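The structure follows.
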Amino acid sequence: MSFNTFGKFFRFTTWGESHGPAIGCVVDGCPPNVALKQEDIQKELNKRKPGQSKFTTQRKEDDKVEILSGVFEGKTTGTPISLIIYNKDMRSRDYETIKNKFRPGHADFTYFKKYGIRDYRGGGRQSARETASRVAAGAIAKKVLEKKIGKKYKVVGAVTQLGILGCDVTRWNDKEIGKNPFFCPDKKIIKLWEKYLLAIRKSGSSCGAIIEVRARGVPVGLGAPIYAKLDMDLASAMMSINAVKGVNIGSGMNSAQLTGEENSDEIISKGKNIKFKSNKAGGILGGISSGQEIIVSFAVKPTSSILSSRKTIDKFGKNTSISVKGRHDPCVGIRAVPIGEAMMHCVLLDHYLMNKAQCGN
Amino acid sequence: MSFNTFGKFFRFTTWGESHGPAIGCVVDGCPPNVALKQEDIQKELNKRKPGQSKFTTQRKEDDKVEILSGVFEGKTTGTPISLIIYNKDMRSRDYETIKNKFRPGHADFTYFKKYGIRDYRGGGRQSARETASRVAAGAIAKKVLEKKIGKKYKVVGAVTQLGILGCDVTRWNDKEIGKNPFFCPDKKIIKLWEKYLLAIRKSGSSCGAIIEVRARGVPVGLGAPIYAKLDMDLASAMMSINAVKGVNIGSGMNSAQLTGEENSDEIISKGKNIKFKSNKAGGILGGISSGQEIIVSFAVKPTSSILSSRKTIDKFGKNTSISVKGRHDPCVGIRAVPIGEAMMHCVLLDHYLMNKAQCGN
Amino acid sequence: MSFNTFGKFFRFTTWGESHGPAIGCVVDGCPPNVALKQEDIQKELNKRKPGQSKFTTQRKEDDKVEILSGVFEGKTTGTPISLIIYNKDMRSRDYETIKNKFRPGHADFTYFKKYGIRDYRGGGRQSARETASRVAAGAIAKKVLEKKIGKKYKVVGAVTQLGILGCDVTRWNDKEIGKNPFFCPDKKIIKLWEKYLLAIRKSGSSCGAIIEVRARGVPVGLGAPIYAKLDMDLASAMMSINAVKGVNIGSGMNSAQLTGEENSDEIISKGKNIKFKSNKAGGILGGISSGQEIIVSFAVKPTSSILSSRKTIDKFGKNTSISVKGRHDPCVGIRAVPIGEAMMHCVLLDHYLMNKAQCGN
Amino acid sequence: MSFNTFGKFFRFTTWGESHGPAIGCVVDGCPPNVALKQEDIQKELNKRKPGQSKFTTQRKEDDKVEILSGVFEGKTTGTPISLIIYNKDMRSRDYETIKNKFRPGHADFTYFKKYGIRDYRGGGRQSARETASRVAAGAIAKKVLEKKIGKKYKVVGAVTQLGILGCDVTRWNDKEIGKNPFFCPDKKIIKLWEKYLLAIRKSGSSCGAIIEVRARGVPVGLGAPIYAKLDMDLASAMMSINAVKGVNIGSGMNSAQLTGEENSDEIISKGKNIKFKSNKAGGILGGISSGQEIIVSFAVKPTSSILSSRKTIDKFGKNTSISVKGRHDPCVGIRAVPIGEAMMHCVLLDHYLMNKAQCGN
């Protein structure tokens, strides 16, 4: 069982509610003797932090992380690493008016029906605030993999579609991603996205997004068939992110439309190197990494917290309507980029370690 | 760890290779006192069986299942149920010519690189033959859920896209599905699909497909946030099926293109009944079932075993080419329908049981 | 995998080192709607707290616990409960002199050999300080079981042997246990134990102990054969406590010396009640609770931190000797009583919840 | 969850009832490329086989094992190894007379109360027949460890106490063990045991036993604190064996009576070698192997199937009495020796593999 724990070998357990005193996680299974400082984690958290542009929620959080255990004299010891982030800019009063109503498209309804109780303030445990813990855990996984695999190991995520506007992924440029507020890899579309999202924000509406995460330098052989396949675990990891509704590996859903000739990536050998002529597989064959770039994309639905009035019921079963005011995020998908990267790091480290044990070498 | 085990509470462990003496599985965590006979399982296996139409592989297998344990006087006892299916129509010689080559798009390459050894006959452990065990396990899960939930519980799967040809899901008709060799729910498109697939088969090529699985009568409250969400487990389950490259829940990847207004399903109360005005969520909110129909779809890539010659390497790293003769499956996706249904049953039962324990009632 | 997580369904993950800023745990799988306050946990922690009598270590710790998540308006919500206890009375300097030496009988040697690094201050992660987290988790489990089962549910632990001096368990009196510094259930032996332990303390030596934990009101049917037997999990739980070297269920190791007639507990029915004429089984048959009192006992070895000089090596492999000064605990076993009780609560709740799911009712 | 699965990484799932068509297990997580033949497993099974001497049950079983998967051309492939043993000498009629009665000291009562149904024939799933699967799995683990560690790796088990008669373990002689029907390591006591057990058998009574299992050549560093300690897993493993009621590591329960001076094993360095002056710890410190011989002992209670009439109830709650006729085992403990060895192999391989992943080297 692992309700609030992610991973099999490199595991993190998250805890905390949006408006509780703090959130945090315990990272277990981290190998010893890896250099780790607070800043390594803080750097990644800063990419996810709310309130960084007009396109994301205006909640202001420092998201300052503290390491409470598992690191001694600047190195991991192999014991659990406990991380804590105190909550600051909470306005629980904002939620008083909706505390008895279920927001359509939200987990309000299902949490209440399941547990018979929920912390409604800011979404409580449902809140995407929980993902800060994942980013922190991912920062640790990244450090470990950079040590074990070396600098060729790199994970990079980007938004490739914003609402109805896709970018051109053949123009993907890593360096562009950090320079715009959308984590967009295609310089040419940024202006258009800006106008589009401003319009959505003004209207009090919201839109979805597609995020693509690529991992380079991943060794061949990670993934354990049949039921710990690398693509299973990646699909599961991405689907666990709030508001995600679909996951693709490589050509993904589009692969249905391809022929066998188009879809299967031919293999050629050049001296000692093995090359693939294409990467429809997204770097995974039979659930095992092939050594190619691993490519995962996922769709984030539009946030359900919108200005227009929507029909719903309250917790007593009565019909009513709801309209969400206060701080507003027109496209929650944007902030999912560092989360997707973090989940990629965690899944890969998990499988990296597992692979050691599987082959017993 | 669960390399060859699926599920958390209702668990099945599969074993066996395509050309070994037998395949099978052990089902653990099945509640006691559920009526179960060999025929309950056989009936589902017959839907997956190869060689049933000219559109699927010509391998002939009875797929006759035997129950070796866990059932006493016609009822489950709560102890592990061991199932065995003997392999029959094996032509291992067919594979001699390709035993040292890696088929592009196949797991041949990654299995060999990972383990340094593989049973190449018929794909060995990589073969979709393993999925017979899943269908068997799913048949048991179905029996349990039918007893626990009642007859309103129903899972039905269908092919909704064949290669480039989608069907019209608004014409979905349960009764149609079993009447055509494609498990197609839309009567109007069948003729077209027939022509299309015959053409593909003649050319020795192959195509992909999209399968949609719907579950009705699922109680509200199944799914355990944050890391045992129902949609995580469904995504993982479907991604574990051979050749699957993408998974959608409800509006899935398309949800990126929707606005908040379009996407969030309004809730209305009619007397004691709660209704949703739409089902973009696919029956899952915040990882928990909402009581609506659960809708999952997934893409199966075209099989890589095609007639045309493809560049590849052999296990010694030399360039060569490959062209797969022998029994041929123009669209493996078709046979994924009962597998998708089985995985749906298994995931739902797993969560049904888990939910009992979570709330402790 | 569960390096720092205990339990299958009701799970707690502990973290923290003896001389780090804090220790704590995350409790996952706690059912919702159970009343829980800080004091419920504090009360149990106070029983384990060091520095309470001259017979235990003189380290002074408030062991004040804070609840960081999972409780809303005085009730559990079904989400993870994060608990933190700040460390206070740390004298890391005491450990400088032994930082490169391995204490015989301690985990110093094995931790260093395994991880190549360790936080030596106060034993770091090896320290029994970690058990405060278990006691906290156990306090939560107790609250849940008292709600689910009712007041007839009761767990009580005691020291039944102190070094070479066993007490007479036929004189076991629950009320006596809290009145003496040894958690002794037999009033008559207390004076003797006092003299004995003072002598040991004066000489700078140490002694072992046997702790017995009894659970009453446990329903029949908890425990899942074959590999989640209740006695397996109890043995594992008790063996996980620092310094424990042996575990008995019911007549335990002594059962080897009994005949079949002596050992098997006859069953009689009185009206609607089922009674057993004896309880050699310790309340567990075939790994499943029988409804009788569950009786577990375990031996705690004498602490290895003693005054006399002992031969050892340092981390460079050189022969040296060691003698431990500073705060000294002549019998660590005494403080193991609340820990044993806590582990009993946790195992029983785990199985209580599992049983709901197993039978699916 | 792992009701019928043992292990974390090297895992085996057992299935089957005493009087069903077959029993067996699926071994998962076995590293690839290890030579394995049917005889490697058969050899170990033959040591456990019933009907080998007048001191064990007269049920005649070939216990012939078949390998159904996971081995290709004489080597493991890293995929699951399915093993099957058909049941032969079943006399289900013997059990008709007791099918509605609960044998005191047996799991009859608790299985029925838990599941509401049970296969009563020969004890069904409760039967020690299940342990044949463990011995088979252990034979595989042994092969893997002999390859990975080398020939210095050796596990040897023996009976050290038979009823009230202990042997002298200082006279332990590996070679003696296989030469007598008791697996006794001490030549001098054999004659006495023979007389003693014959007397017990004649009287239709039964006696318990203590089994000790020693593992040599185990590398330092196996075991994962805090909740996957090697001693936890060994205690759990041995406690899972039918009829076991107590487990000791090293000096075990006796450690309560020792002083710190007596108990802590001094360490000395001789050139590059590290030696311990004693082994009270049984080779485990802080839950991690120290490189010393690992010593585990456990008590098996006397079988409850005895000739004398015992009070009990039937499944309708009525008082009655029972007396077990038919095939009779005066000391089931004797046959636990190969089972204890098998569990030792499995736990050690599990930790050996885990350790690879933990340190990530």
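Observations
A, B, C and D are the chain letters, set down in written order, and residue numbers restart from 1 in every chain.
One rule holds for everything that comes next: contacts are C-beta pairs under 8 Å (C-beta built on N, C-alpha and C of every residue); 3 or more make two chains touch, one makes a residue touch a chain.
Worth saying up front: this structure is predicted, and the values here are computed from it rather than measured.
Chain centres here are means of the Cα atoms, and by that rule the chain farthest away from chain A is D. Compared on C-beta pairs in contact, B-D and C-D come out with C-D as the pair having more. Each chain gets a centre from the mean of its Cα atoms; for chain A and chain D, those two points are 46 Å apart. If you average the Cα atoms of chain B and of chain D, the two centres end up 39 Å apart. Chain D has its Cα centroid 26 Å from the Cα centroid of chain C.
Shared contact sites, meaning residues of chain A that touch two or more other chains, fall at 1, 3-5, 8-9, 14, 29, 32, 78-79, 114-116, 125, 225, 354, 358-359. Every residue of chain B that touches chain A in the complex is listed here, in rising order: 1-6, 8-9, 14, 102-107, 109-111, 113-115, 125-126, 130, 161, 163-164, 200, 205-210, 220-221, 223-229, 231-233, 235-236, 238-240, 242, 245-269, 272, 274, 277, 280-282, 284-291, 299-306, 308, 310-313, 317-319, 333, 354-355, 358-359.
Residues 1, 3-5, 8-9, 11, 13-17, 20-24, 26, 28-29, 32-33, 68-70, 72, 75, 77-82, 84, 114-119, 124-125 of chain D are the ones touching chain B in the complex. Every residue of chain C that touches chain B in the complex is listed here, in rising order: 1, 9, 29, 31-32, 78-79, 144, 148, 225, 352-354, 356-361.
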